[in-house]
């Protein structure tokens, strides 16, 4: 991803951000609220189109592709929250994830040809295996709405994994999880890294720092730091972005009243 | 919270404590059903066909014609169930699509030497599918109220064509449809089965029943397959579906085409049963009646569509009788049925959005989930 | 005390701020527990800052206090009166003004109209009160008749604070006023807040991610993590505390 | 030339009614994100109230006012009792509920008043003015239609611009949550919005009925035209609804006059709608800019 910029109606959400996810690595993406993490994710999976810059995956230009095309190229993503299909069973949810491996077409489905049955069996096997990997195969016939939140998150992850993606985008996988569940998640992500590249947006620092190979920090749509976890932890810019800077409140308040236009200048 | 503990441990492989029994395995344990979807569905068709023959032979000609009416409602409602229930797209234009099928059938039958009936039906399906593809392509970018409004305009606008092309389509009066005669073998077959005389009404009722069985067989195949699952996924969460590699537009158009094909066949059956294709038969009320049928039956269930259609056929009769008994005159009493449709739509959406079949299914699921949880916590 | 901005403003007849007391407040969104038995007190004349990383439960706290979200258990007391179950619309008449996250301007209305909505519940409000807000934020004067969606981030923040003040609150709930603003503007807004509190004695419950700025203006700091309070202390003490850094950054 | 002028004039008068109807749809859409497909039926019902009163010997204007008041009540009741339960839920449910109301109200009126055509009085003459020996298509009644719609729009603008209730309604429509935090009784404002919209819809129904025949389905095409007009202008924009109504009224008048008569008018509306939805899905006056910010 090189020099990617995105603006929404005059507001710059991302400004010339570049980052590289190496094969087989876990790459963390962090930053305070409103830093542009989700926008960057949306660009990577095609929901938002970048205004400029380029996105390349295995020598293919991706900037103009739709999400479904990207998915067929092996880029899978989980959504913030869970984003499961409420009207489908857990197993069916995961089978949808395996969509890109389905072979049987409309005609064989219409006439219920053996070809369609065989296809379904294969998808079901794949999906069951993916659920089993995450220890959620008990829930195969349940509907997502009736399951505890952590289980729903596992199912969502299984749905992303069942397509055997080459690049997995994880959007806040730890939100809503308790500490011990988070630890399990961390172990899981580590085991994934051998099979695929992972790009991870997360604000639980413990998790990020323990599983990521490299970390990129965004603030206000700009890249402010990138490197190994140690490098990033040592970077004062990162601390400042998160904790804010010490400011002389009393002094600045007087300026506000005098009606200066510093903010305009700042935004320009 | 006990779920978490079960989760944290590796699966015990103990079937007694498994969270929920697999529905397929519990089903096969009771009634041995064939593995193949095709065989299973063919078996169901066979059972239904026998039931249809029995039903048609034990009832009088009047009921026969009512059942013919039921068949074309159910065919169209089945299609609408796919579109609205499975794919989440609403259409108020299905009455207009039925008109396309009916007029196509009428035109083909008016030829001096008409084609065989199945071919004509096929033609009606193809023509309506094409129209459906057109509408679907426009509709695939719309949602909710926009889609409802656009298809509403379709329902109100399309019959205008019949008025515009008076010579071929018959204007306000409509197009008389020459219903095909029953072939000789039909009379003999009926005589052999039940000894009843084979009337023209009976023949049409059989045509309707066959068309209905074929339609529901094919729709059931689709619903059970990857196709149906993908439609439901698009309905439930389009962003997640797209991220899973599903091209939303194509799947929405496909649903519209399948649905339109059913409407076309329904219209074709309607044309031969009513023997007339006229604008007054395809008003907005027809579209809304179809919508009522599927909402009542439960969005997304073919059985629900069938039950809902049955209500469409028998309810007007019932309410009109009630109305007359209550002292309303004929035309007033006839309005009771649409009144009930409307009230049913409102009440169903407020109190039981899942419809008749859906509500029962949800109850069952909730009970099953509760049992599963009870079992887990008892562990 | 820097009182250039506030001194001499008319209409400051308010006697004192209100005490907000939160006891064992627990809130869940479906299966996710956002707040877990949180207890705190916000006192008149003081700024109480609630800090924590994304998803710590800060916004849920404010939303539960003002009734936008119903708590699963626990109580919210305003000057000793139980308001846990009171409707949202009644909060402002009780003297509580909640400025939601994301600069809750009503984008389609003009600046002046936004201000007028803030005073709607009070009936007729004198022109001088509007002028007082414009005096506090001179930048809004020139934008008076522009729709609010044309404002910059800082101007929006001024507008919503001004609007909240027109409700004559005794307690102000502020949700991330610093979000997306340049540090300078943040400092200005916080400075103004300090002056208002000192001059008029109202209570402020301030939710912030930007911990250093918030602590530089606050009297008391409370750190939330995963819906639980992990630290409560004097702002200055907290500033120097390693716990804070750890709660945020995990190192 | 004469024909062109006549067509334009009747198109304008039609367009004014469409505009009023579209405006009513937009008012409801803006505040509750629901397209009220029952609006035509509701307006029809109030027209029948007026008709019954006129038949009972009432003065036209009194009946007119009572009809508008009954529209207000009907709108408020419908929102409070029925719509409230589906607001903010799945949009398909809300669509189906308003469609159900559409059918139910229409059938109810047919049961009570019969479904035959009944003539509805016009308050003013139906003979065109004469200019230079030519009778043009502008009748006193059409002047009344145009003036009535313009006055209504003026009143609405005044309400929303200059009154506290109007401001509260706008706040409730555009920022429900913020409005509640500021003490605005949002529920009450939404009810009021539906009631006002029903009044405007009723007005359109009464105007279009004047000097013509009414029957329970007489508003069926108007709901389509009103919807097309509203979408033409972008469902969010009141000004767009008015302009959309006028544009549609003129377009349909020309189509009817120059391309094949009244039978294709509905079809033409369909074509216009589809073209607009495909080319500019947000309508011609889309205010997406404001929404997104």
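For reference, chains read A, B, C and D in written order, and residue numbers begin at 1 within each chain.
The criterion applied here is as follows: a residue touches a chain if its C-beta (ideal position, glycine included) is under 8 Å from a C-beta of that chain, and two chains touch if they have at least 3 such contacts.
All figures in this text were calculated on a predicted structure; none of them were measured in a lab.
With steps allowed only between chains in touch, the distance from chain B over to chain C comes to 2. Ranked by distance of CA centroids from chain B, the top chain is C. Mean C-alpha position of chain A lies 32 Å from that of chain C.
With centres set at the average Cα position, the gap from chain A to chain D is 46 Å.
Between the Cα centres of chain A and chain B there is a gap of 40 Å.
In chain D, the residues that touch at least two other chains are 289, 293.
Residue numbers of chain C whose C-beta contacts span two or more other chains: none are found.
In chain A, the residues touching two or more other chains are 148, 178. Looking at the complex, you find that chain B touches chain A at residues 1, 3-4, 6-11, 18-23, 35-38, 41, 218, 221-222, 224-227, 229-230, 232-233, 235-237, 239-248, 254, 300, 365-366, 369, 372. By the touch criterion stated above, chain D contacts chain C in their complex at residues 164, 167-168, 170-171, 174-175, 177-186, 287, 289-291, 293. Per the touch definition, chain B reaches chain D in the complex via residues 84, 88, 90, 92, 138, 141-146, 148-150, 152-154, 156-161, 163-164, 284-285, 288, 291-292, 295, 323, 328, 331-332, 335-339, 341-346, 349-350, 353. The part of chain A that touches chain C in the complex is made up of residues 32-34, 148-149, 152, 172, 175-176, 178-179, 203-206, 208-209, 220, 233, 238-239, 242-257, 259, 262-264, 266-267. By the touch criterion stated above, chain C contacts chain D in their complex at residues 66, 68, 88-93, 97-98, 100, 104-109, 113, 116-118, 120-121, 147, 149-150, 163, 167.
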